[in-house]
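As written, the chain order gives the labels A, B and C, with residue 1 at the start of each chain.
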Amino acid sequence: MASITVEALTKAFTSQVKSPGLRGSVRALLHPETRTVLAVKGISFAVDEGERVAFIGPNGAGKSTTIKILTGILHPTSGNASVLGLVPWKQRQQLAYQIGAVFGQKSQLWYHLPPVDSFDLLAHIYALEPAAYHERRAMLVELFEIGPHLQTPVRKLSLGERMRCEIAASLLHRPRILFLDEPTIGLDVVVKQRIRDLILELNQQEGVTVFLTSHDAGDVEVLCKRAMVINHGEVIYDGGVTELKHTYLRTKIISLKLAVPWQGFDAPGVTVLKHTGYGVKLEVDTTVAPIEQVTSGLLSRYSIVDINIDNPQMEAIIAQIYNAAQVV
Amino acid sequence: MKPLRRCLFIGRIAARQQLAYRGEFLMRAVAMVIFMGIFMALWSTVYTVSGNATESGYTLRDIVWYLVMTETVMMSSSRIFLDMGEAVRSGAVAYTLARPVSFPLFQAATSLGTSAPRFALNLATGALVVGLGVGFGAGSLPGLLAFLLLAILALLLDALIGVLIGLLAFWMEETQPVFWIYQKLLFTVGGLFLPLEFFPDWLRTISRWLPFHFITYAPARAFVAFAPGEVARLALGQVLYLAFFGTLVALVWRAAQRRLVVQGG
Amino acid sequence: MKSLGLIWRYLRHNLMSAMAYRGAFVLQVFGMLLNDLMLLVFWTLLFQRFPLLNGWDLTGVVTIYAVSASGFGLVVAVFGNLTRVAHVIASGDLDYYLALPANPLWHLLSSRTNLSGWGDLLFGVLLYVIVVPGGWQTLPLYVLLVILVALIFCAVGVLAGSLAFWLGQAQDLAAQWFNATLSFSLYPVDFFPGVVRVLLYTLLPAALVGSVPARALLQFRWQNLGLMVVFTLGAMALAQWVFFRGLRRYESGNMIVTRG
């Protein structure tokens, strides 16, 4: 069953153009000069219930505008969208009961109060039955292991502890879709992994649809099966995360440890990323130079102690897609 | 002379920053217009009701111009204590110890620099509104010069008191209430709304010994009723209080530094 | 009704949050109380020389202070964000309220408290108890008037703040509009010339949060109360309509003024 469908969704922002100086300000007041910017250009897609989708793109590509339309915060200029059978900007309040949103950079917890107070308040806002709320809270407290932090003022929690409380807070009302906007921003590697595990577990246990935006390639690779890449307000890729990697995976990285000093290796499609005496890192464009050909060439020329062939990181893949899109 | 030059430079930067917030700047002018409107309405009522041409030696025109001058000084006052409180709470104040200009001196210069453009704007707006409302024929040229001199000293005094309130942030979580009280002392015993001549004798005597009337009453009085002897007396009072508050700021700052060292900022 | 529950919840939360810094709370409340009291010194001195000005004496002006300060204090204590509506809109912080299922306007307004507002409220109540003549029989009327005054302040704050939907950066303008209403309210409306008076009954409804309710409290007439009720309902309806109208134009954090 489709939980989100979007058809030809467009959002235009009009921004004021103002000349500098007081004269410009006055003129802008009398004859406002405006410029229209299309943040989202007629995008269409559908997400099924229980799917985990990554929504990726550079800053200003239109991803947060799309999310804000889907959560009812913004009204679109044209197009249709349906989230859980509701039109977000017309039935915002009804929809809000069934979705959860985590904005990594904005807190919904009260800074000076312990999280449990904010939980109580949210329970009231979402009109949860006391018994159901307490049961749900106990379950989340156990799952997220936030029991010890529940009574501590938020300002005294570490970022990781706070983030776990944030996500737990947005799950109190059992949302059917979870919108995550940069949920791991600013967290260290261990905490990041922890948050990802929790989100995965929740998706598997309760079938929550996960709609994620992140600049963190790890988030996308670990959490999502499907990725949508958006740039300049248009969806330029919609498919599996694995396919995404294969499609755009034109390069491989070869790391070598040599028995003899490096003396260079000239071949089309091979670039030296860095070399330090006996160690060297090469990038191979596999469409120009097949990987077997490069490795055999290297083996015939050097005595090799160790060899390692890697795929580039998600970041690199995404960067490549953007670059390709910019050329078009 | 070097520290003075430095302070002038700091002040100039603060003044430029003020001018950058054009919207806010314009809104200050609007506020000035509103206040002057209220005062003109109020005092017109008073003079109509009393039927006298002068009250305690002030004509309607005098009193309205007096209010332009007090409000000009009052509304030019910076809220330096807010920034200082922020610097103390965030611990940023610790870095200023390493700087060649002392923290209170830096803040006082910033405060004065913030006040200067506001002062010019408030004076121009207020004078225009009131001139159109009750006529321009108040004060005198020597009165205006005396006003400018006493207003500069007044703003200096106000900056020192502002810094003193700001330094209290080392001991108090919230210094805003102290500022309110200071502001209201200017309103009342400072003669912001009502010249000291209108006070009952006992209150006037008390007010004359307090520092507050040197900030609001003194420059305005010099403008509407210029008398060399009185101006000299007021200026002397300002200088004495400047010395007093300057010493107080230095002492409090020393105590604050000790606290900073103990607490580690 | 559901919004009332939410407002009540937030009031409790706000107070709990404020109690985390008890010293600052007490200081702000009593600082504001003292601050307001000193404003009355001016009127005391003035009325000593001129006991009656256009039908107003010291008691009359103190009654104005009693209702205006109580109403203002009440509204900013309960709706602490009232003076920050334009900021919340322009900065995109409205997103947070729109993502939750409560009424975004009431939610936004009540999610904060203004500590000094409690001082104003306390000041207003004290003036009522000590100075305003008429004894305890006037208490229900006083309470009703204060609520009406608070709602008119609320309508002005929301209308002024909603300018940000259309103008973007409207913080200064909104603050000025709201503050002008407050400043004018503390002076008897009969002091002002005709043109200004019209303004004080409409765009800057200072008369309706000062002189009119004070007069209603001193010399009760149904017309005064009727005027207050009708105006309050109209202003609140207009404010709500404008806010939700503006919501359609809301641009989240995307409001950019490009310089060209």
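The definition used in the following text is that a residue touches a chain if its C-beta (ideal position, glycine included) is under 8 Å from a C-beta of that chain, and two chains touch if they have at least 3 such contacts.
Bear in mind that the values here come from a model prediction, so they are computed numbers and not experimental data.
*Asks:* Which chain lies the greatest distance away from chain B when centres are computed from Cα atoms alone?
*Replies:* Checked the centroid distances; the maximum from chain B is A.
*Asks:* When the mean CA coordinate of each chain is compared with the mean CA coordinate of the whole protein, which chain is closest?
*Replies:* Central chain: C.
*Asks:* So, what's the distance in Å between the C-alpha centres of chain B and chain A?
*Replies:* 53
*Asks:* Quick one: chain A and chain C, Cα centre-to-centre, how many Å?
*Replies:* Here the centre of chain C sits 43 Å away from the centre of chain A.
*Asks:* How many angstrom lie between the centres of chain B and chain C, each centre taken as the mean Cα position?
*Replies:* 28
*Asks:* Pull out every residue in chain C that's touching 2 or more other chains.
*Replies:* Residues 21 of chain C touch two or more partner chains.
*Asks:* Going by the touch rule set out above, which residues of chain B reach two or more other chains?
*Replies:* Within chain B, residues 23 contact more than one other chain.
*Asks:* Which residues of chain C touch chain B in their complex?
*Replies:* Result: residues 21, 23-24, 27-28, 30-32, 34-35, 38-39, 41-42, 45-46, 48-50, 52-54, 116, 169, 172-173, 175-176, 179-180, 183-184, 187, 190-193, 196 of chain C touch chain B.
*Asks:* Using the touch definition from the top, list the residues of chain C that touch chain A in their complex.
*Replies:* Against chain A, the touching part of chain C is residues 2, 5-6, 9-10, 13, 16-17, 20-21, 93-96, 98-103, 107, 168, 248-252, 254-260.
*Asks:* Where on chain B is chain C touching in the complex?
*Replies:* So the residues of chain B touching chain C come out as 23-24, 26-27, 30-31, 34-35, 37-38, 41-42, 44-46, 49-50, 55, 172-174, 176-178, 180-181, 183-185, 187-188, 193-194, 198-200, 203.
*Asks:* Once bound in the complex, which stretches of chain A touch chain C?
*Replies:* Against chain C, the touching part of chain A is residues 13, 15-20, 35, 39, 64-65, 68, 71-75, 92-94, 96-97, 101, 103, 106, 108, 110, 112-113, 117, 121-122, 124-127, 153.
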